[in-house]
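Read from first to last, the chains carry the letters A, B, C, D, E and F; within each, the first residue is number 1.
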Amino acid sequence: MKKIEAIVKPFKLEDVKKALSEIGITGMTVLEVKGFGRQKGHTEIYRGAEYVVDFLPKIKVEVAVPAESVPAVVERIVTAAHTGKFGDGKIFVYDLEEVVRIRTGERGKEAL
Amino acid sequence: MLCLLATLVLFASSPTAVSAEEAKSPAAPGVAASAPAEAATTAPAPAFTKEMADSIANQKIAMDTIWVMIAAFLVFFMNLGFGLVESGFCRAKNTVNILFKNFVVFAVSSIAFLVLGFGLMFGDGNWLIGLKGLFFATGADNSPATGDVYQGVYHALNWTGVPLWAKFFFQLVFAGTAATIVSGAVAERIKFKAFVIFTLFMVGVIYPIGGHLIWGGGWLASKGFLDFAGSTVVHSIGGWAALAGIIMLGPRIGKYGPDGKVHAIPGHSMTSAAIGVFVLWFGWFGFNPGSTMAADGLSIAHVATTTNIAAAAATLSSMITAWMLLGKPDLGMALNGCLAGLVAITAPCAFVSVPSSLIIGILAGIIVVLAVFFFDRIRIDDPVGATAVHLANGVFGTIALGLFADPTVCPAAAAAKPGLFLGGGMAQLGPQILGVALIAVVVFALSMAFWFVSKLLSNGIRVSEEEEIEGLDYHEHGNSAYPNFQLVERR
Amino acid sequence: MLCLLATLVLFASSPTAVSAEEAKSPAAPGVAASAPAEAATTAPAPAFTKEMADSIANQKIAMDTIWVMIAAFLVFFMNLGFGLVESGFCRAKNTVNILFKNFVVFAVSSIAFLVLGFGLMFGDGNWLIGLKGLFFATGADNSPATGDVYQGVYHALNWTGVPLWAKFFFQLVFAGTAATIVSGAVAERIKFKAFVIFTLFMVGVIYPIGGHLIWGGGWLASKGFLDFAGSTVVHSIGGWAALAGIIMLGPRIGKYGPDGKVHAIPGHSMTSAAIGVFVLWFGWFGFNPGSTMAADGLSIAHVATTTNIAAAAATLSSMITAWMLLGKPDLGMALNGCLAGLVAITAPCAFVSVPSSLIIGILAGIIVVLAVFFFDRIRIDDPVGATAVHLANGVFGTIALGLFADPTVCPAAAAAKPGLFLGGGMAQLGPQILGVALIAVVVFALSMAFWFVSKLLSNGIRVSEEEEIEGLDYHEHGNSAYPNFQLVERR
Amino acid sequence: MLCLLATLVLFASSPTAVSAEEAKSPAAPGVAASAPAEAATTAPAPAFTKEMADSIANQKIAMDTIWVMIAAFLVFFMNLGFGLVESGFCRAKNTVNILFKNFVVFAVSSIAFLVLGFGLMFGDGNWLIGLKGLFFATGADNSPATGDVYQGVYHALNWTGVPLWAKFFFQLVFAGTAATIVSGAVAERIKFKAFVIFTLFMVGVIYPIGGHLIWGGGWLASKGFLDFAGSTVVHSIGGWAALAGIIMLGPRIGKYGPDGKVHAIPGHSMTSAAIGVFVLWFGWFGFNPGSTMAADGLSIAHVATTTNIAAAAATLSSMITAWMLLGKPDLGMALNGCLAGLVAITAPCAFVSVPSSLIIGILAGIIVVLAVFFFDRIRIDDPVGATAVHLANGVFGTIALGLFADPTVCPAAAAAKPGLFLGGGMAQLGPQILGVALIAVVVFALSMAFWFVSKLLSNGIRVSEEEEIEGLDYHEHGNSAYPNFQLVERR
Amino acid sequence: MKKIEAIVKPFKLEDVKKALSEIGITGMTVLEVKGFGRQKGHTEIYRGAEYVVDFLPKIKVEVAVPAESVPAVVERIVTAAHTGKFGDGKIFVYDLEEVVRIRTGERGKEAL
Amino acid sequence: MKKIEAIVKPFKLEDVKKALSEIGITGMTVLEVKGFGRQKGHTEIYRGAEYVVDFLPKIKVEVAVPAESVPAVVERIVTAAHTGKFGDGKIFVYDLEEVVRIRTGERGKEAL
C-alpha cells in the first residue's frame, strides 16, 4: 500500500475530493498547512509597518491506497488541483507498511 | 437646593441679566423679549437672579437636548452593532474589509451630511429637495425656538425645541444608519473604493432626497405620510439602495450552484453577530424613543415598550418559523428576526398600542424568514440579510402603521389618523402605500444609476475572482484580521 | 431660552390650555385641577401659555421618565454582558447555544412579563401574589400620579412618578436579568427547549411571586425587609433557581474525576468574558442608581459611587485572595469577583456610606472565591460561577444592608433603619435575615418542582452524552459558531 | 402633570417643609435659607407643597446630575474600549494579561482616587497640590451649592451644581482613563505587579498633581491655560507617563532588527480593535460633552458635534495619508486616526467652531500617521500607538485650542480668549504652550523617577525573555485566552 | 524504527495517550485534522440554508517507535480508541529511516 | 528522495527556514502541532481550578530533498533549532518514493 500526500491550494480541496470520489476513493484525511516555495509570499501592512508573510495557506490531503491505484490517484489530483500558477503544490508518495481499521481491527487493504 | 428655590421666586427681577444671556447665546430668539420686562414689576428681591432665571428658563431646552443627544449617542453606537452583525455573518478573510467599511461609512457620512446632506434634507425648498442653508448646516436659524417663533431656513425641524447642532447630530446618526445598511448587502465582493464613493453619494444625495420628501417638508409629508423613526426613511431607503447594489454586483462566487442550488456560506463568528444584534437592540432605544426629539415622558415610555415588545415577538416568531421549516432553532435567523421586528416597529412605534406592537413583531419575524428564502431563490445574494431585514420589514412596518395606527396611545401619536384595523379606512393607509411606492422608485432608480455610472467610469465595482477567493483583507488592505489564529477557509 | 422664561412668568394664565393637555394625556390626574384656576388671577400676559405651562408641568415627570428609561436601557444592555460572560466561560462548541439562550431569554421574558408577570408582581393582591390588572399590564392606572393621588391597581409602584409603561419597562429588564442568571449555571448540558420553557415559568411565575413578596407590597415588604435594587429580588432568586437547575442536571461530563478530583473546563474566550463583565459593570449603573426610579440627583450620585467602589474593591480583593491561594492572579476569578461586588452592593447601595461600600466590596470578593471552591467541592458544577456570584453574594449583600445601613447617607436611604454596626441592633438586620430565608424556601421549592415535573413530562432536560461531547451547537442547532477557525476541542 | 403645575403656583407656601428637606440632605446649603420665608407670604394654597416645592427646586440639580452621571457612565465604558483596542493590537498569547491590566487599572484607580487622588487634585491647596480634604473625599462640602454659596474645601469644583459624589465619580472616570493609556504602551513585556503598582502611583499622585495644576485651581489655571475635557490633563499626562514607561522597558523582542529594521508585530484581532474604537468614540460623547458638568443644552450639542466631526475627519485623513504612503488603506492606522481626532478635539471641543473642528480633525489624522512612523524610527516600541495617539495629539489639541478658540461658539466657550487664527494673538496660545511644556516636564520626570525606583527596588519591571516569548498569559497568570482555538504564534 | 500514525476521534486522545504511557511510550506528536470516510458528515443550517459538513474533526497521533514495539502500540491504540461506531479511525505504519534528537544530537533508537 | 520531518519549538521556525534557505532549500511545508515528551507540560489555572496542559505547541517542518542532501539538511536543522533545553524536538527521515509537481507535472527530483 502507498500513502499519497498532496499539498494543494485551499480552494481546490472540493475539486480534489470530488475527483477522488469519482474513482472510488472513500476515505482521506485533510490538514491545514502553510507552504513555502516558489510562489512568493506577500507583504502585509500593520499600523504603518510592512511585514512579509511568506508561508501561504495550503491544504494537505492524505490518502492511503493500494499500490496499484497510485497512478490513477496522482493523475486525478494533478488534474483537479491544477491552475498553472506558482504554488499549485506537490504530490508525495510513500510506502505504507500496514493499515489497521480501529473500528473492526481489519488490516491491510481491507482496512482502507 | 435652596438657592434654586430662591431662583424660582426671584427669577423675574433681572431682565438685563437675561438680555446678557441672550446676547451670548448664538441662537436666542428675539421675539418674546418684552415678556421678562413686564414680569419684572412683580418680583421684589434682586440677588442671584441672572443665573437662576437662566437656569429655569433653560430647563426645558436642556432636558430636551440631553434626551435628544443621549438618544443620538445610542444611535451612533448602532454603528458598532452593524459592524459586528455584518462581519460576524461574513468570512474571516473579509473581516478587516467589512469592519473598515462600517467604520469609514460613519466618518464619510459625518462629513457628507455636514457639507451637503443636512441642507438638502431639511433646508427650506421645494417638494423634492431643500434649497436654503445647503452647505455646512450654516443657514439662518434661531433654534431652539420652535413653531411660529422659529426663524430660519430649517422649518421642517421647527417642531423640536433643541439647538441646531442637536438637530444636526441626531439627524446625522440616522443618515449614517441608512448608509451602513448597504455595507452588509454588498459585502465580500465590492471594491473598497467604490463603496466609499457610494457612501458619499448616499448620504450626500440619495438619503437627503428621500428624507426631504418625508421628514423635510417635501411632497410625502404634505400627503400625510407618517414614519415616526424611519422604517422607510432609514431602513427602506437603505434597503432599496442595497438591493440595487446586490443586483449590480451579482452573487458571491460559490453561493449558487450551476444547478441553482443555494449554498450556505457561513459567517465566521456568531459571537460577533450576536453582540452586534444586542448592540443594535440597545441602540434602537435611542432610535425610536429618541425620535420624539423632546423629553416627552409618556411618549418615550410608550415607544420604548412597543419597540421592545416588537423585537421580542419577532425574535420568537422568527425562531419558531425557522424551527418549523428547518427542524432546528437557527440563531442566525433569530438574530435577523429580532432586527426585523425592530425595523418593522420603527415607523409605527409611537402610533400603535402595545398589543399591536406584539402583532407587528410576530408578523415581522415570519416575514423575515420568508424573505430570506425568497431572496435566495431569486438569487439575490445578500450575505447578511439586509434586504430581508431592512427592505422587506421597512416596507411592512410602514404599511403596518396604516393598519394599526391609534392616535390616542401616547401624546406623540396625535399626528396619526386611525389605521385600517381601527376603523380609519384608507385615511392613513393610503398615504403609507403611496410613500412606500414613491420611495421605492426614487431610491432604487438613483442607486441603480449611481452603480451603473460607477461601473462605467471605473475599473468596475467588484473585485477580481482571485481577490474574492483569497479574501478582501489581504487584497484590498494587505492585512489580516486574526493573524494568530489558524484559519480554515476553503471558499 | 427667552420663551421659556416667559413661560415661567405667564404659566398660570391659561387654565383651559392646561385642561386640553389633561384631556390628551391618558393618565392625567384630575385631583389638582382647581389650582391653576386660582393661580390664573395673578399673571397678566396670555401669549404662549399653553405650551409653556405644559412644558413646565411636564418637567419633573419628563426628567424622572428619561432617567428611568435610560437606566432601563443600561439594564437591558446587561443581557449582552451576561451572554458574553457565559459564552466566554463555556467551550467553543457550545457558543451558539449559549448565545441563543441569552438572546431568547430576554425575548421570552418580555412576552411573559407583559402577559402575566407584571400583574402578578405588582398588581394589588394578597401577601403572596398580585390579583388585579394581571394580564398585559392593562389594569386601571393613572400614573404618573403618585401617592394618594394614584388611582389604579398597581399601588406598589405608586411612589414613582413615571408613566405606567416606564414602570413596566424598568421592571421588565430586571425580570429578564433574574432569568438570565440561570442560563449560565445550566450551560453546556441543558436542552434548549427545556430552558426556554423554564424561562417562561421563571418570568411568568417564580420571579413575580418572589418580587411581590418584596417589591409588590407582599408579606416581606410589610415586615420592613429592604432590597434597594435587587440583591435578593433579582440575584438570589436567580441564584436559587440556578442551584435547583444544577442539582437536577448534574455536573458536565469530565468535570469531576471518579476520584472526586475537580477538573477545570476552561472557557473558550477570555475576551468575551472580559467584555461581558465590563458591559455588566456599565449596565449596573442603570441597575442600582436607576432604582431610585426618579431623577433624585443626590441619591443617584451616591448610589453610583457605592456601586462602583464595591465593584472595584471586590475586583481587587478577589484577585488578591485567589493570588494568595493559587499563586497567580487569575482573571476569571477577578471577573467573578467584580460581579460579586456588584451583586453584594445591589441591595444596600442606597443605604450605606461609601466607606461601608468599600468594606462590603472587599468581603464580597473574598466570599466569591471561597464560594467557587466550596461549590466545586460539593460537586455543584456551575460553568460560570453563577451561584458563587449571584446566590452567595445576593444573600451576603442583603444581610450586609442590615449590618451597614445608615438612613442619613442620601435621600433614598431614609427608608432604612440603622444597621447592626450603626447601633440599630436587629431592627433592620432581623427583617433581612427573614427575607433571605423565606425567598430561599419559596424560590428553591418552586424551581425544584418545575424541573422535577419537566423531567417527568418530557424526554428529560439534559442532552445525551454524545450531544454533550460533540457540542450543543451542532446537535441542538445544526450550527457552529466559528466555522472559519481551526478548533481544538478534546472533551 | 397638573400636580406639578400646582407645585409651581404654590411652591413657596411651606418653608418648614423645605427646611425638612434641608435637614435630610447631607449637603444642603444654609445660606439662602431666608428666601423661601419671604416668598411664603404671596402663595395661598397649602396642599402637596412640600414635595412639589422640593421637586421644582431639585430640578436643575437633578438634571445636571443625571447628565453628569450618564456622561460619567459613558466615560467608564471607555475602559472596555481601551481594553479591546489594546488587546486587539497585541498578540493572542498576551490577551489575558492585557485584559486583566485594563480591568484592574480601573479598580485600582477607583480606590486610589477615593483614598487620596481626589483630595490631592481638587482639595484647596497651593499652586501644585491640594492640601485640604485629602483622604476619602471627606472634606467639608456643601455641594450642590455653587459659586459664592459654596462652602467647603473643594473650591475648584464649585462651578458645577452637582452633588459631591457626582463630582467625585465624574473625575474618577477621567483619572482611570489617564492610567489606562499607559497600559497599552507598556504591553506585552511589563510585569503585572509593576503595572499595578504604577497605576496606584499614577492615579494617587502623578495625575492629581498634573490635574491640580490645571483643573484643581493650581498654577496653570491661574495663567489662563484651558483644557475643556482633557487633551492635556488626561491624554498628554497619560502619554508622557507611557513614554517614560516605554523608554525604561525597551522594545519587545523582535520588534527592531539588528539592522534597525522595523518589524511589524501584528495584533491578534482586528475585531477586538475595531469594537474598541467604536466603544471609545461612543464613550467620548460622555467625555467631551459631559465636561460641561451641567445640562447646558447649547454647549452639549455643540461639543458633541465638534467631537464627532473631528473624529470623522481624522479617520478619513489618517486613512488617506496612510493610503498614500503605504499604497493601501490600513484599518489599524485609521483606528488610531479616529482616536487621534478625538484626543485632539478634547481640549478645544467647546471653544472652537464646527468648521475649525473639521480642520483640527484633518490635522490630527495626519499627525498620528507621521507620529507612528516617527516613534518607530526612534525605536519607541509602542504596541498600540498610545504615544502617537494620546501624547502627540494631546499636545496638538491643546495647542490647537490656542489657534482656533472662538469665545462665541457656545455658552461654555466664554472662558476662552480668541485664538491666534481668530486674531487673538498669543492671548490664549501663550498659556497653552506654557501648559504643554510644564506638564511635559512634571509628568515625565515623576514617571521616570517612579520607573527608576521600581527597577531598583524590585526584581526589574520587565518579564524574562522566555516569559515574553511564551506569552505573559501563561507565565504571569497560568492561563490562556483562547484554549479551544489552534493558535499560530511564532514570535 | 517505525512511525505509527493513528487517526482517532478527538475525545479519545486522552485515552490513547494514557494507553501509550502505560507501555512506556514517552513521546508523541499530535495534530488537528479533518477526516472524510464512511462516517457520514452532517448537515448544518445557516440563516435558513443547509450545507453539508463532510470533513469531521479528528486527531492524528504520531509516534516513532522501535520496530519491535509496533504490535504492542497498535494493539493499545486500537483498544483505547475503539467505540465500534463508524469513524473510529485508522492506524498507519511507515518505515522510519533515521531519528535525531535536536537537543543532544543523538540518533536512532537513542533519540526516540 | 527523502522526506525530512522536524519537530521544533515555534519560535525557532524563522531560524530553521533561514538555515535551510542558505543551503538552497527552496520549498517546505509547515504545520502547527502539539508535542508530548520529556519537556514537562505546565499547570494552568482557570477560575480557581488547576489543570495540566501536557501538549505543548510545536512546529513541524516537512522538507522533501534528494537523498544526498539529507546529512546537510539534518545538520542545519539541528544547529538552527537547538537551545539545549528539553523539548527542542526531533528530526525524522523517511523514504520518499515519488514526487509530482502539480503545476507542471514534473516528477522526481525535478519536482522538488
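Annotations for the structure displayed:
We take it that a residue touches a chain if its C-beta (ideal position, glycine included) is under 8 Å from a C-beta of that chain, and two chains touch if they have at least 3 such contacts.
Here the structure is a predicted model, which means the values were calculated and not measured.
Common neighbours of subunit B and subunit D (chains touching each): A, C. In terms of C-beta pairs in contact, the better-connected of the chain pairs A-D and A-B is A-D. Note: Cα superposition of subunit C onto subunit D, rotation of 120 degrees, nearest 5. Interface of subunit E with subunit F: the two copies contact each other largely through different residue positions, with under half of all numbers used appearing on both sides. A separation of 55 Å divides the Cα centre of subunit D from that of subunit E. Separation between the centroids of subunit A and subunit E, computed from CA atoms only, is 18 Å. Rounded to a whole number, the gap between the C-alpha centres of subunit B and subunit C is 30 angstrom. Multi-chain contact residues of subunit A (touching two or more other chains) are listed as 31-32, 44-46, 50, 94-95.
Residue numbers of subunit B whose C-beta contacts span two or more other chains: 25, 56, 58-59, 61, 63, 66, 70, 144, 266-267, 269, 275, 326, 328, 330, 332, 477-480, 482, 485-489.
Under the contact rule defined at the top, the touching pairs of chains are A-B, A-D, A-E, A-F, B-C, B-D, B-E, C-D, C-E, C-F, D-F, E-F. On subunit C, the positions that touch subunit E within their shared complex are 469, 474, 477-480, 486-491. In the complex of the two chains, the subunit D residues touching subunit A come out as 89, 262-267, 322, 325-328, 330, 332-333, 336, 369, 372-373, 376, 385. Listing the residues of subunit A that touch subunit F in their complex gives 2, 6-8, 31-38, 55, 58, 60, 70, 74, 77-78, 81-95.
Within the complex formed with subunit D, the subunit C residues making contact are 11-12, 18, 21-22, 25, 28-33, 35-36, 38-39, 53-54, 56-61, 63, 66-67, 70, 74, 91-93, 144-145, 147, 149, 266-271, 274-275, 277-279, 281-282, 285-286, 289, 295-298, 300-302, 304-305, 308-309, 311-313, 315-316, 319, 326-332, 334-335, 338, 354-355, 358, 408-411, 414, 482, 485-489. Those residues of subunit A whose C-beta lies close enough to touch subunit D in the complex are 44-51.
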